[in-house]
Every structure is written in structure tokens, then in C-alpha cells.
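Below is one structure, written out as C-alpha cells; comments come after it.
Chain nomenclature is as follows: A, B, C and D, assigned in order of appearance, with residue numbering initiated at 1 for each chain independently.
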Amino acid sequence: MSGETVTITLEPIDTNKESKAITAAGGNVGALVSFSGICRADEKGEEISALFLEHYPGMAEQEISAHVEEAKRRWPLLSARVVHRVGRIEPGETIVFVATASAHREAAFQAAEFIMDYLKSSAPFWKRTEGGKREAWVEANEKDERALDRWK
Amino acid sequence: MSGETVTITLEPIDTNKESKAITAAGGNVGALVSFSGICRADEKGEEISALFLEHYPGMAEQEISAHVEEAKRRWPLLSARVVHRVGRIEPGETIVFVATASAHREAAFQAAEFIMDYLKSSAPFWKRTEGGKREAWVEANEKDERALDRWK
Amino acid sequence: MKIVYFAWLRERLNKTEEDIEIPASVQTIGELMQWLKSRGEEYEYAFDNPKVIRAAIDKTHVQPGAKIAGANEIAFFPPMTGG
Amino acid sequence: MKIVYFAWLRERLNKTEEDIEIPASVQTIGELMQWLKSRGEEYEYAFDNPKVIRAAIDKTHVQPGAKIAGANEIAFFPPMTGG
């Protein structure tokens, strides 16, 4: 596996470039799954003009890397990539991109879901909305915490 | 939902263009999952120079469309797209591309896996290998047929 | 009746489709496979193991017990390997 | 001891980090939250409901019972909402 696995960036995420980099992982890649988490124009029914993402530098990279490593132990991945954006993000822009490559589809799908479920509830990022009736920190979703149970 | 949902093509699949088209589905898309099935350089341990994909015109489109419709009944999808290539396909090239968009990730992941599982075992496509010790039709995978059980 | 063949069935029969008169006694997909099997050497080879052969009537999957009456197009093919 | 704050904890305290002397009697993360809460109005507001506050010692998630001895950096933050 070559290249960086985890990147946290203030810049827009180029999902096309990221997908290309991961397929370059070699001749045995038969399945590539990619997930993009995109900023929606509404948050809990209220229209917003942007999200602002704050993170804990150092810990965020470390947490995501640890879960990517755990995914590699559980499934025969040929490559994995996570890019998480921080700062101001407008509706339609990508917040997070996860890609997994494997010889077969089951491993690639499972690993991508696993990484996303952990990222949602244990990577230190916090979302604030902009442009709603009030600027507010987004509350954690209990459903996201429950999503982890299936991997135990 | 706009544009064609299912396409069968002899031309290389432009996954970047396809992904862009599906995110254009609107402001409520929060999760985009895409799957690419890629031609591997080996098939059951034997090196191949290409795959040749044959299909049943008319029935192939109809079968895939029916499963995409079923996915839309089961999950709140905002958009879905399936592109399947036929003809001669070299290692590294994309055989099939599936993309699903939804407000949240669970629906997008589940629908993409559901469509792929059905496509693998009920869409009328047949693979022949080229360049191995002998040119041979690829045998159906029992695992792929069992993969359907979880959706019943 | 129009019958179409795919993959190794097409190769073994050396034809993609044909139009044949089917006797009235042949009523199901399973019976049709048995009857086709008796039509010559290449058919015997192609339909050697009917259990592994899949069928569609008018582009819809059917089981061997399906009635063929009223069909416009019957297709025979091996298990599918797309995706 | 270096303590860092994120999201609404940072906003309520109006600081991203601070260096404070912690009394020897304060041994766990839970005790540290109770002790911080007593340090003034903004702390009382920030640590009003310790149950919803998450903590990390040296960038690793810990439970309220975790011992703080030997820590270089302790972080307090709300439940995470990334991805």
C-alpha cells in the first residue's frame, strides 16, 4: 500500500483524484467502494448556508488511522484512503471521503461502512451550522453510536 | 430523479462523470456511495489478458432496472445509477459501476450492496476469460447466490 | 417459436437463435430442454446437464416447470456471471 | 497540566487551552471535571452536565474513571459529530 492513508484538509476534496490514486493500488483490485459524506442544505429541517467543522489536531488523524488499521486486520484490503475536510463547508461540498479497495466486493463494502461508523462517533470532529435561525453545534446522533454495535 | 438510471455500454466507463451526474441530484444528498467492479489481472489464480462480457440485450436492462426500482422501494434513495460494460475489458478497467445517493449513509450503502448482489446473480451477463491457459467461461460463484439470502 | 442461446450454450449449438416448431406435447421449459436434447449431437452436448441451465420466457427468469404456451421468445443460458 | 477544550466547551470557557496546577486530591477525569466546575461561573456553565462531556488523555479517549497521573495533555469536548 502506498501514499498517505489519512488526510485532514481545509481545501475542497477532489474525489476523482482520490479515487484514481486508490485504484492505482495494483492489478488485483476487483472492487472499489467509495463513500462521500456531503454537506446538505438543511440540518434537521432547518435551511443552513454552511457547516463549520472543528477538529482536534493530532488526535483526529490518530483515531482515523487506528480504525483504518483495524479495518485492514478484519478484511483483506489492498488499499484504503480517508480524507476529512475541516473549516467552512458549503452545501453540496464533500465533508468526508472514504475509499476501500479489495479483490472482492464484500470486504470493500464492509470495510468502508466500518470506517464510516467509527469515524462518525469516535473521531474528534465537531460541526456547527451557519445561517439557520441560530448558529448551533450539531448534536450527536444516537443512531450513529448504535451503528457501532454490529462490529463488536 | 433525472437522467437514465441504467446503461449498458461497449465504451469504457467514466466513473468520474457518472459520480458527478448523481451528486447533481439535489441539495438533500448527504451520502453518496459508489461501487466499481474492476477487471482483475487474474481469475482463480490464472493470469488473463482480458475478459469478454456477453449479455442478453433487453433482458439485462430490464433486470437491472427492476432491482434498482426495488431498491428505491426499500430505501429512501434520491438517485441511483448503474452502468455495465460489455465486450472486451482489460485488467484495470471498470466492468460495472453502481452509485446511490441518499440523505443518510445507511440507505446509500445498503442499496448499493443490494443492487450489486442482485446484479451478480440475476442480471443476464456472462464472462469469458482471454489469455489464460484456455479461454473459458467463468463459472458462477455460489457465494454470490448465497449473498441474496440476506435481502429476503 | 423463437429460441435464443447465450454463452457456452450458443457456442455448443453454434447459433445465437432459431425458430422452431415445437410439438404440442412439449408444455414446460423442462420438457422443452429434454425435447431439444433429442434433436442431434450438438443439442445433446449443449443440454447435457439441464440442471445448470437457466431459462427466461419473454426476458423474464422462469423455473423449469413454467408453461411455454403463449411465449414469444424463450432463452436458455448458463448461470449468470455479471458485475 | 495542559488542558484543551473544543466546540461549545471552548466557547463557554472562551479559551482553547490552559495550563493549570491541579491539587493532588484530584485523581480521575471525573474528579477533574467536578473540580474545574468549581473554578468560576464560566466553568460552572461549561461543566454543567458532565455526563455529556467526553475526555481524552494524550489524544486517546478515556472514561471518567481514568487516572490523570502522568498525563501531558487532557482534552474535554462534546460528543463527536464528524463525517
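Rule of thumb we're sticking to: contacts are C-beta pairs under 8 Å (C-beta built on N, C-alpha and C of every residue); 3 or more make two chains touch, one makes a residue touch a chain.
Quick caveat, the model's predicted, so the values are computed rather than measured.
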Those chains which touch chain C and also touch chain B: none
Centre-to-centre distance between chain D and chain B (centres being mean Cα positions), rounded to whole Å: 48
Chain C and chain D, separation of their C-alpha mean positions in angstrom: 72
Whole-Å gap between the CA centroids of chain A and chain B: 23
Touching two or more other chains - residues of chain B: 37, 116
Touching two or more other chains - residues of chain C: none
In contact (per the touch rule at the top): chain pairs: A-B, A-D, B-C
List of chain A residues in touch with chain D within their complex: 37, 53-56, 58-60, 62-63, 84, 95-96, 116, 119-128, 137-141, 145
Chain C residues within the chain B interface of the complex: 4, 6-8, 56, 59-61, 75, 77-83
Chain B - residues contacting chain A, complex: 15-16, 19, 23, 27-42, 91-92, 103, 105-106, 108-109, 112-113, 116, 147
